[in-house]
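Below you'll find a set of structures to go through.
In the two assemblies presented below, chain A is common to both, partnered first by chain B and then by chain C.
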Partner chain A sequence: MAKSAAIELKNITKTFGKVVANKNVSLTAYRGEILSILGENGSGKTTLMNMISGIYFPDEGQILVDGQEAVIASPKDAFKYKIGMIHQHFKLVDVFTAAENIVLGIEEGKYNLKESISKIREICDKYGFDLDPEKKIYTMSVSEKQTVEIVKVLYRGADILILDEPTAVLTPQEIQKLFAVLRRMREAGKSIIIITHKLNEVMELSDRVAVLRKGEYIGSVNTAETSESQLTEMMVGEKISLNINRSEPKDPKDRLIVENLECVNRMGVKVLSNVSFTAKSGEILGIAGIAGSGQRELLEAIAGLQKINSGDINYINPKTDVVENLKDKTPRQIRDLGVRLSFVPEDRLGMGLVANMDITDNMMLRSYKKGKSFLLQRKEPKNLAEKIIEDLSVVTPGVSTPVRQLSGGNIQKILVGREIAASPKLLMVAYPVRGLDINSSYTIFNLLNEQKERGVAVIFVGEDLDALIELCDRIMVIGSGRITGIVDGRTATKEELGVLMTKSVNESEVSNNG
Partner chain B sequence: MIGYITRAILLGVPMLFGATGEILTEKSGHLNLGIPGIMYVGAISGVSGAFLYENSCGNVVENMNPFLAVFIPFICAILGSAVMGLIYSFFTVTLRANQNVTGLAITTFGIGLGNFFGASLIKLVNSDMPSIALSKTSNFFCTKLPFADDLGWFGELFLSFDFLTYLSVIIAIIASFVLSKTRVGLNLRAVGESPATADAAGINVTKYKYFATCIGSAVAGLGGLQYVMAYANGCWSNDAFGDRGWMAIALVIFALWKPHFAIAGAFLFGALCNANNYLNGLGVETQELFKMLPYVVTIIVLIFTSMRKKREHQPPAHLGLPYFREER
Partner chain C sequence: MAEIKDKKHKREPLFHLVKRDDMKWWAAWLIRIAAILIGFFLVCFISMALTKESLSSIIETMYRGVFGRIEMGSTKMMWRYFQKTAILLCLSIAVTPAFKMKFWNCGAEGQALAGGLAAMICMIELGNVLPYPLLLLVIVLSSIVAGAVWGVIPAIFKAQYNTNETLFTLMMNYVATQIVKYYLYIKGGGSNKINPVAEGNLPVIANNEYMLNVIIVLVLTLLVFIYLKYSKHGYEISVVGESQNTARYIGINVKKVFIRTMILSGALCGIAGMLLVAGTDHSIDTNTVGGQGFTAIMVSWLGQFNPLVMIIMSALVVFLNLGSAKVADSCYLNSSYADIAVGIVILLVVGCEFFIRYQIKFRSTKKEVHV
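So, the complex of A and B:
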């Protein structure tokens, strides 16, 4: 007998403003199987799952649970249909015990923590969780917190579990433990959907894989009948031509030499190891990788904002040809050498711009040390603001408009424009076209090309592989904090990059040693 | 000595009411600096209720019903302070105004309101003194428990108080129990620690914040009433309440946000506040130094708890922050 469908999605479409997050997606998950949802960043995996768990409501289409049409308008509704989602960011109260967190918000029955604890222990024994229900959350490791989230969902009787990138925060040993638990849940007849972009995990764990690309459903395959290369192809798709100008690098000279860089983040986790590369003047070095692979830390380390464990960052000053080690310099000294970081973080305003200040004032954030008078000199920054508005065709009522009232694209133009105005020698940009429409993206690309022709060494962290391949002279791929390969932008293919991006830690270790 | 202890307890009770009320409010994530004003309003509401009832009975004790004489001021104090709590919640929960600014405004407003009505009542009775005496109502409040006078020091220490004193301890114990042992308490603590988590778990965050603030204010208001009726023997004069409201907020920190700790803390604060009156040979200036003691012990407690870094002894994580539900 064929497996029965636990949940079916029919022609689901969801848009946010003009952005289409999911388009006409139809998908089925069966009882007693592990389904992987595979896709690049921004392919709409999480949005799709959020519609099943009641956080978003689909614009079009139907959701069927056990063959019956279901209306899921809130997380509470989702529980009614026995659907539980474990988000990437845990929703737990730190000073509560695991048990208190698990029972929080359940209204039925008598409030009896002792009984609840023994029920939690039963669930743990059944599936092999390692959890002390009386332990406080703030004393727990990330993996234990995740366990609490999973048990919380099971405690409420969920039969369909959705896990959003559950392995992103775990060590390899913890991943194996999680997989063992998930397999046991599958044997108990639950359906499990995991959102991931790690191919090796897909191959190891899941029964079937559904692939999304740019919000569209590409297809499902049985894991046993597929290969990593087929999945990569489904994930990245055909190459799309963007027609970005790319000139040959003129007289490239070494500008920045990074050697064996190793960094540890605030939580003590190694985020970069053994990173070595060279950035040359007059070329654009692209950095490709799955979000959170260490791109941010790398750029911050160069800019002096991230503590460096070991390794060297040597900058060759084009004016004097002196080699300067950036490791021992303050962010200000590094900036004065001509190294510019234009970082566009997840929230565009988080770093670099002050939302409530107007455009002129934001220009002054970079030049406040200039000027001899005690009072602020607003003329120069105002001229600069006007120049950027004109050159980059920023849409704004005027220079005195608070930045927060502008659209994302215009904010990004101002941010990049301001850094370029300081005529840098090394320009680093991260995700400068995220969320921008095609025309704004081209404006930014042209700006970068202009800088390159002036002999600036440009480092461009991007997520759109098509843009990287057309814009960059060389593309460095970073995976789990290691360099998994550096390829020529003129000959690189998306498949090649995709394979390098999804290489697991162990494999990259082998390739680095070999 | 026994006189000193009973006086210390009487002094501590308004702070205990205030601290219990403030703890309930803070557990929902709201730092209500309006507590001094709210207690003041609680006091004047109770005084007004008592004044009107005494007048309606022709100011003759024999005409007064003991139950009503206590019940009317009691209800007035609760309602008056709860309305103040409601104003505070409307600003900080619904309009998401800054909690500190709103709280301080409520304190200023509450004290002004109390003084206005206090002065009006004083004018009504044409008293020579700038105060009004409600000793008849006060006597009903201070009815001692049976055998209080027959059991020597035991009777005096445990049975001789007004009913609000006993109520303050009972309310603190109930508040402790509710916070730690019931579902409502769990939900309330979750709201104060992480409203987003509580919201995701299906808890009505706004409702909890409103109820916690209003009930907390009502409890605090009883502290004002106890001060007038038991400590001051029914005598109201403007600004006599002093800084007891601020002491209540210091007591919350001293008690590490636990109402049952606040009981002992309140009596200790009462003892420390009163020490200057019972030590001989103090000059006027050294007396002022002694009044500092409760704040000094609060700072010492703060230093010790921050050194121990135990998360359970910290204020609710989301205290003082407005909660915006993210765009869904």
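So, the complex of A and C:
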């Protein structure tokens, strides 16, 4: 390749405490090309890019800009090297206009908005942006805001642009518009790095793809010489055997039937559409998917925390065979209906537990209302806390330690322990082993298996495909808020799941056989 | 690679802060007590510098400002001190339930004034109509209701429209003040003042007009402590305050908790207003609460939202206020001096929390050699 290297990373390593986010990563981005960084969640894409843009500083390794070694210790340094990053979450002042946001924080030169506006218009004309510099941010759509962010970076003279999942928030039409702009920038000799996990976009847009997996650099390929299946394989890696026990489901009966569920999030974006599936007693139903594909909303909709636009959620009470529709019910109403639903949410300390309360008080969260007394009954929760500490070997100084002081694994044991202690008939767990070491992970897997054998319907949202394949009886794949497939956990392969996960919205005309 | 490592070390600052979770409760209290003592002596030294008096005479003046001449058999000043402490304490425990759910009730002033006005109206309008026990009951209930209404209005708006409770409660103070002003205008007959009313005063027990106030407030303090720590309501308040997400997750109705707790908070403020009007002044003016509703916010924070600790904190704040006012008075200092003195001590007490939460770690010298 005759192109010159714009930025080179050499043996970059970054750790956060015990977690290795990037290990020995070396990669190069050339002038006048679009490079995609591809990887699953937690593969270290964003961390790596944050090091280039000066938000983090690498523990080891070098960054070379135009062949010269660069020390990038702050976003300001990054701009010195003409590197600009467009973050997933926009950093704009709502009450300012586009132009005001774009010039904000530039210290050199005089503050002359008129001059700046004409300069902004120049940039827009050059690359084909559709932007009114005098429009206020709060009146803008998501795509317009993104345009402001990109122009902001260009205005500061960036030659190397990093975009963190730029298409996640856009409609298909807006995506095409963005791609056209990015191509024009490539022609102008800029080098563009986009972080993504959507394979079809990678194939369509980029010249080269660099793949990361679990913090390590797997390799780079030219897009023209690769295929989606090769990329999937690079992304998910070889199958690792975890040796989790998996018994055959005993006498599975329908426990939860979700039909044509549709939800809209707070921003008014549709997060779930046409979701239908059944969870059965005595089996573990896995849910796989790229993070943010609607998993959280799905579980929260079932738990009564997410507003439902249309569709039904029917719970079949195993004792009475009465069908309860959980639609438009609050968590309390759901409990009062006799629905034995336990839920381990993704956000352990922000939702499942109260970080500043001690273990006993966290045990009471579900049961504190019991009894007629006006006062709290702390004896039972305390016994339960002691039992969980003992049974799950939680490492803690005692029951009166605030849970925030415990380690991630112990926090999760407390939360899962509490939810299981409520003897559920339907147990939903979201990313229960995220951030946990191997032993704690096995403790959690065993607990889930135990519940399954007791005839509980378990819904397990996971990100580690190996674990999903070894633990679950059936795996449902969710992509962009739709179900892209339901497969048998005993025969599924990682590649199969990977393809379903990255299936784009248009093709996902449901292959629903569950 | 080694070069970059050096560059990084150059960037390491002289010291950095480490959060700590492991401080023993007694060590934390030792630091707090030390901060109070340092603040107290700092005030004394500043007083010495300003007045050229000796340390012992400053302390003596302060003592006399608070307790009067007990040695000469007069306990009047001392009871006035207890009374002022009780009112501040009552307002402090009133705002605390709201604060614990992170609802910043800055309207204790207005809620107390509303309660006081309700008591005043009952005393004037019903004083000669109802028998004394019934009159007392009506006074107490109406002031509770008035305070609760004043407190619940911002809560309803917060629950329904997510308005900012700080501004809302603050503005409600001005409304209450203006209503009292208007009442003074129609009842005061030109003087805009109401002479002390003899009817409907709280009973005097043990020959002491303040004793009942103090007892009522102490009982309320204990009740609020129990309510927050041991009741189901108190538990819900804590969960809502710590994380509304968790509250929703376990099925707590957050709006209901907002409204219920603000009714309680306003009602307690209303009682404070009633104690001021029916139990102390027997009259009302726009300055009856006198800014104590705002001081109460500070006391609640200083007491770490623990009503029992607030007993000490309100006693301390009133002590400094009265004491330094006396110093200012007897040495012809500006009357703002008392506020300055209280400010100094509070600054130290609040500031010491920093050392309880963080540890300062200095750059180790080994790396210095390396650079």
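The rule we apply is simple: the second predicted complex is superposed on the first by the 494 of 514 C-alpha atoms of A that agree within 3 Å, B and C clash if a C-alpha of one lies under 4 Å from a C-alpha of the other, contacts with A are read in each partner's own complex, and residues count from 1 in each chain.
Keep in mind that, in the parts below, a residue touches a chain if its C-beta (ideal position, glycine included) is under 8 Å from a C-beta of that chain, and two chains touch if they have at least 3 such contacts.
Fair warning: this is a prediction, and the values are worked out from it, not measured in the lab.
Asker: Judging by the criteria at the top, classify the pair chain B and chain C on chain A as clash or fit.
Answerer: In the superposition, chain B runs into chain C.
Asker: Look at A:Pro318 in the shared chain and tell me whether it touches chain B only, chain C only, both, or neither; answer first, second, both or neither.
Answerer: neither
Asker: Check the residue A:Gly61 against both partner chains and state whether it touches chain B (first), chain C (second), both, or neither.
Answerer: second
Asker: More chain A residues touched by chain B or by chain C?
Answerer: Partner touching more chain A residues in the overlay: C.
Asker: Tell me the contact category for A:Pro252 with respect to chain B and chain C: first, second, both or neither.
Answerer: After superposing on A, A:Pro252 lies clear of both chain B and chain C.
Asker: Answer with first, second, both or neither: which of chain B and chain C does A:Leu365 touch in the superposed model?
Answerer: second
Asker: If you stack the two complexes on chain A, which partner ends up touching A:Tyr138: first (chain B), second (chain C), both, or neither?
Answerer: So A:Tyr138 only meets chain B here.
Asker: Under the stated touch criterion, which partner chain does A:Tyr111 make contact with: chain B (first), chain C (second), both, or neither?
Answerer: After superposing on A, A:Tyr111 lies in contact with chain B but is clear of chain C.
Asker: With chain B in view, single out which of the stretches 113-121, 185-193 or 347-355 of chain C clashes with it after superposition.
Answerer: Answer for the clashing stretch of chain C: 185-193.
Asker: Please name which positions on chain C make contact with chain A in the complex.
Answerer: Going through chain C, the ones touching chain A are 1, 3-5, 7-8, 11, 21, 226, 230-235, 238-239, 242-243, 245-246, 248-251, 253.
Asker: What does chain A use to touch chain B in their complex?
Answerer: 55-56, 75-76, 91-96, 100-101, 103-105, 107, 111, 136, 138
Asker: Please output the residues of chain B touching chain A within their complex, sorted ascending.
Answerer: 182-183, 186-187, 189-190, 193-194, 196-198, 200-203, 311-312, 314, 317, 328
Asker: For chain A, which residues are in contact with chain C within the complex?
Answerer: Result: residues 11, 57-58, 60-62, 69, 71, 73, 303-305, 330-332, 334-335, 343, 345, 347, 350-357, 361, 364-366, 368-369, 373-376, 402, 404-405 of chain A touch chain C.
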